[in-house]
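What follows is a structure written as structure tokens; I'll ask about it next.
Naming follows writing order (A, B, C and D), and every chain is counted from residue 1.
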Amino acid sequence: MLLQLDDVVLRFAGNTVLENIRFGVEENSVASLIGPNGAGKTSLFNCITGFYRPQQGSITFGGEELLKRKPHAVTRLGIARTFQNVRLFREMSVLDNVMAGQHCRSRAGAFSAILGLPSQRAEERRVREICEECLEFVGIADEADRIATNLAYGHQRLVEIARALATQPRLLLLDEPAAGLNSSEKTELVRLIRRIRDERGVAVLLIEHDMGLVMEVSEHISVLDHGRIIAEGNAETIQNDPAVIEAYLGQDEDELELT
Amino acid sequence: MSLTDILIQQLVNGLVLGSFYALVALGYTMIFGVIKLLNFAHGDIYMVGAFVGFGALSLVSGTIGAGWMGIFVAMFVAMIAVGFLGVVIEQVAYRPMLSAPRLSILITALAVSLVLQNAALALTDGQVTAFRTDLGFGGVSLGAVFVNYTQIVLVASAIVLMIGLELFVSRTMYGKAMRAVSLDKDMCRLMGINVQRVIAVTFFAGSALAAAAGVMAGVQYGRIWYFMGFLIGLKAFTAAVIGGIGSITGAMLGGLILGLLEAFATQIPHIGGEWKDVFTFGVLILVLVFKPTGLLGKSEVERM
Amino acid sequence: MSKRLTHLAAAATIALAASGAGHAQEPITVGVQVPTTGSEATYGVDMKNAIQIAVDEINADGGLLGRQVEILVGDSACDPQQSVNAASKLASADVAGVVGGYCSGATLPTLKTYGDANIPFVITAANSTKLIPANPGNAFMINSTGYDQVRKAVDFFKSQGAKTLAIVDQGDAYSQDLANLTAKEWKKAGLEVTVQETVSKGEQSFSSLVTKIRSEGADAVFWTAYYADGGLLIRQLRQGGYQGIIAVGDGSNSPKLFEIAGRAADGVYCFSNPIAEFLPEAKQFIESYGNKYKGRSPGPYSTLSYDGMKLLGWAIEKAGSTDPDAVIDALASADGEAWLTGPISFTDKNTLARSNFIILKGEQGGWTLHSK
Amino acid sequence: MATNKVTTRPAPGAIERLYAAFDDPRRRWALYAVIIALLLLAPPVVGRYGTVILTNALLYVILALGLNVVVGFAGLLDLGYAAFFAVGAYTTGILTQQFGFNFWLTIPFALCAAAIAGVIIGGPTLRLRSDYLAIVTLGFGEIVRIGARNLEITGQASGLTGIPSPSVFGYTLTGPTTYYYIFAALAVLAVIAAQRLLHSRLGRAWLYVRHDEDAAEAMGINRVRVKLAAYITGAVFGAIGGVFFAANLGAISPQSFSFQQSVLVLMAVILGGMGKIPGVILGAFIVILGPELLRDIGSLRLLVFAVILLLIMLFRPSGIWPGRRS
């Protein structure tokens, strides 16, 4: 397993948000995490990426324990993420946004920047090339110089993915990447997720409400409800699991996307 | 003076000083509670309160004199006027900024502080103003310990105001709404609470208390000037942080603790006197670094 | 074009000739460096007014070297950086000399500015001893320095039978210097300084300090700083039950002290420079001041400032030109020249050769002369 | 925020046109040449007094650019910036005057001292909420000033006098014009340094952290470390200003490092436009030249500044200098 969670428990002010989570993502695979709103999916992401600190359990990534690490250290180890509500850096260009991802893979400091040392200039060039390649990969290279937040919504999501890819991760966490996309954009997204796995060798873990997309792209699906994993398996197993149907039927109508 | 006398006398000094800090700290803490803003201008509101009180006392001293009667009238006038000033500042300067980045609203608060300070500077030409009353220097002696009548009345008034505030917050609709707003603004909106009005009332109450403290300072010390709010603003903030910012009881407690700390520190060689302010700021930094929630503040959800 | 110019020139010459030969030349400009804004502005404006009166008198007597005199004010705002700006402004205006200098801390860095520009500088108020070593040679202090005040103070406290002393300053160059020197002299006399403290400017509560003074015991308290906070300390000392001697330095010589301290200021002593009301020679000066500046009294440093201007005028006349080196030599040669505040001669360090301090005592809301 | 930036703007005014010139790479160099020429020619034109004021303005350009790294780039409100200015000035003052160091040798010490001061104040406090940080920096600024006032080594309230003028190849640097050129050179270097920083890895990281701390963290940026770097960089700018300030005046005292000084530098940054280098330079000139021009209105001038600051925050929080167009 590339990522392995064991017995993870997270509580906020006495409420148990995640309970004894045991869960894994394999190298070079696409896995999904589904579940009704408030089930704790994003909290789980936040635990993996170091934004929340679980009270107990263990999270290992390629054999390294993540639990005591800060978010930036987790990213350095090779886990990148996107956010549920797109969080791009305002007033900055698309390329500048993507270059954030390369921060942890480069090292020039204030001193070399002020002096404009050759090593610093070479590094800048290299960072720029890598980031341009990432934009190329997600298909928005021609928008590199625009202000990121002025892009169409779908493209903003792509910028976020390119930014995450620029950290050169081994595992990419996508938080509802299809939210707000139209159907042709969703088709593109499915292709992109597969390409990320196949061409870059990056494992993908996504949280998604669009069941069609989830079923199409995932090799492994875990269902989270009230902070527990209630079912695991491939698309077929999940679709027929009575506990899953029960969990979703208890929800509002607009959550009934399980087809 | 015997050691006991010194301790008791410094205890009295600390309590008097602490009640000033507490009154100003209350405003910081209440305003922070409802809009999560560190109101830099709060110390200057205190200064404006002192000047309004001075003006009011000059007006009424002809008819009712500048004794306690006149002073309480002046204090009342200052509290009302400065309370409204607080509301105006909130409406004009802070309300449009509430959704702006945090840095912007902080700088706006600083700008309000500078406007008030420099307006007073321009009006007084930078001179100190003597705050004259008819009060004498009499007091009570207990052995070598000496307590001024003025000090007794001022501390009593501060206690009355604080009890009044406590009742206001715990018993009235606005007070309850204030606590609710400080917990969750959006939820309050959904519940039909007029959040804007609650914020305005909070500014009114906080500013009025600072004005009362300003007038008391004028009465007690006999001198007011445009820069008088700077140091006390910082110290009251320290008091609010010690008590736990956002907590009303904490502000009172923090004020008293800081007053006592300063009074006793004076007596300690090398810490008192010229290093006193360093000592206060040092306490502030230590509290913020090691216990940012203060004595009575509630901790936020732990993140990162 | 040239014809018109000639006409103009001719017209100007006639006009000048009509108004007297003394006006034939450009006026001499004298710089005045005082705070005209900020918390010390009152003193600064008093000083500027006094200098203007001296200039008016000089001009009425036909000016200097046959030329009229005018003043150019540089606002020091009692702030080091602002005063350097002001000094540069005066220096670049090619003034024949500068009179003024209030707030030692703000005067200190200007010594270099005037020194570099080689401009004679008559310092009429600032008197911190730190000014003495920093003086490049072109500055002359006609106010007695801190050393003189310290001597006066120590003698006075001893004469009152004080054995223990508490000294409080305000953390600025002038008051701290005075406090440190007094403490040194007092200890040298084998006596005890029980409390020596610095308070912050604008501090309101001195109650714990008062308790400390009472608990450590002090026969006398010496406040070395300015009146604004001095009034407060006096008030709180008396409110807090302190019954010993209280004395203040020359920076606290102001009627405002009585407004702030109220009755507590009665019986307080003040070491002061010669001030107009207690100088028999200054009757006429007070009158002119009152006439010209309605509703103002001259204030503590105005007589010295008046004398400073008169001294500079005397030196320019003696030098026979406004050449700086000649004027500086002339100033250094002053030998008992006297106007309002007594004879002026200088030590080899360009400080006043004698002490001019007097002692005042607060009585019923105002100063009375206690001793010379 | 970003969207209303691109909505219809008024017809280009003088500043807009100037700004457009900065934006165009070919015209930019011509503009730089003009600015350098103006800097070189100024002293004889404006006279001694003007030179001193301009020197002061150039000092503020350096200080404001340094504070801009902290406030404008990294988005941290620092109300005690004068402390770093003081650290630089006092290090040079103490080492030259009391230990007989050569002036030039004190510069590395001053920079190290400022960097250490930056770590001491930033290290424990940069994790705090931004408003707490602001008040802690204010407290720190006061601690430095009071320390300088009380300690023997800093000359107490009188400060240090007689700081020797530095010399180069036997030529002693004195006089307003010399210092004007020194500060002009330093200001130009400061502008270049700030510009390079902004377009570097670290500069971008500051902007990321300012815009969205969580997203920056998620991208692998150690925000505490990046903020600390901003603090130290700002401190070093301030210290350089302080070192040459001490050499220029020959005398320093705690009065020069008060809270008002910090506020003045902050005003320069905000008036011109936080984060925008040409704006900050403009702000520094306004803050210094403004009061000189407004001298006639006496004590009202500070009020005028305060009101302008408030109006800027309410109606044009991005400062006088126009924002970037997309």
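The rule we apply is simple: contacts are C-beta pairs under 8 Å (C-beta built on N, C-alpha and C of every residue); 3 or more make two chains touch, one makes a residue touch a chain.
The shown structure was predicted, so the numbers you read here are calculated from the model rather than taken from an experiment.
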item	value
By mean Cα position, the chain sitting nearest the middle	D
Chain separated most widely from chain D, comparing mean CA positions	A
Between chain B and chain D, centroid-to-centroid distance (C-alpha), Å	33
Separation of chain A from chain D, taking each centre as the mean of its C-alpha atoms, in whole Å	40
Distance from the mean Cα position of chain C to that of chain A, given in whole angstrom	73
Sites on chain B at which at least two other chains make contact	125-126, 230, 274, 277, 304
Junction residues of chain C, two or more chains touched	37-38, 41, 171, 198, 200
Sites on chain A at which at least two other chains make contact	51, 70-71
Touching residues on chain B, where the partner in the complex is chain D	37-38, 92-93, 96-97, 100-104, 106-108, 110-112, 114-115, 117-119, 121-122, 125-126, 230, 234, 237, 241, 274-275, 277-278, 281-282, 284-285, 288-289, 292, 304
Interfacial residue positions of chain D with respect to chain C in the complex	47-53, 56, 146, 149-150, 156-159, 161-162, 174-176, 249-256, 292, 295, 298-299
Touching residues on chain B, where the partner in the complex is chain C	1, 5-6, 9-10, 13-14, 16-17, 20, 125-128, 130, 132, 137, 139, 141, 144, 146, 148, 150, 217, 221-223, 225, 227-228, 230-232, 262-264, 266-267, 272-274, 276-277
Parts of chain D lying in touch with chain B, wherever the complex brings them together	71, 75, 77, 79, 124-125, 128-132, 134-136, 138-140, 142-143, 146-147, 149-150, 210, 217, 259, 263, 266, 270, 274, 299-300, 302-303, 305-307, 309-310, 313-314, 317
Chain C residues within the chain B interface of the complex	37-42, 171, 197-200, 202-205, 207-209, 211-212, 214-215, 228, 231-232, 235-236, 238-241, 256, 259-264
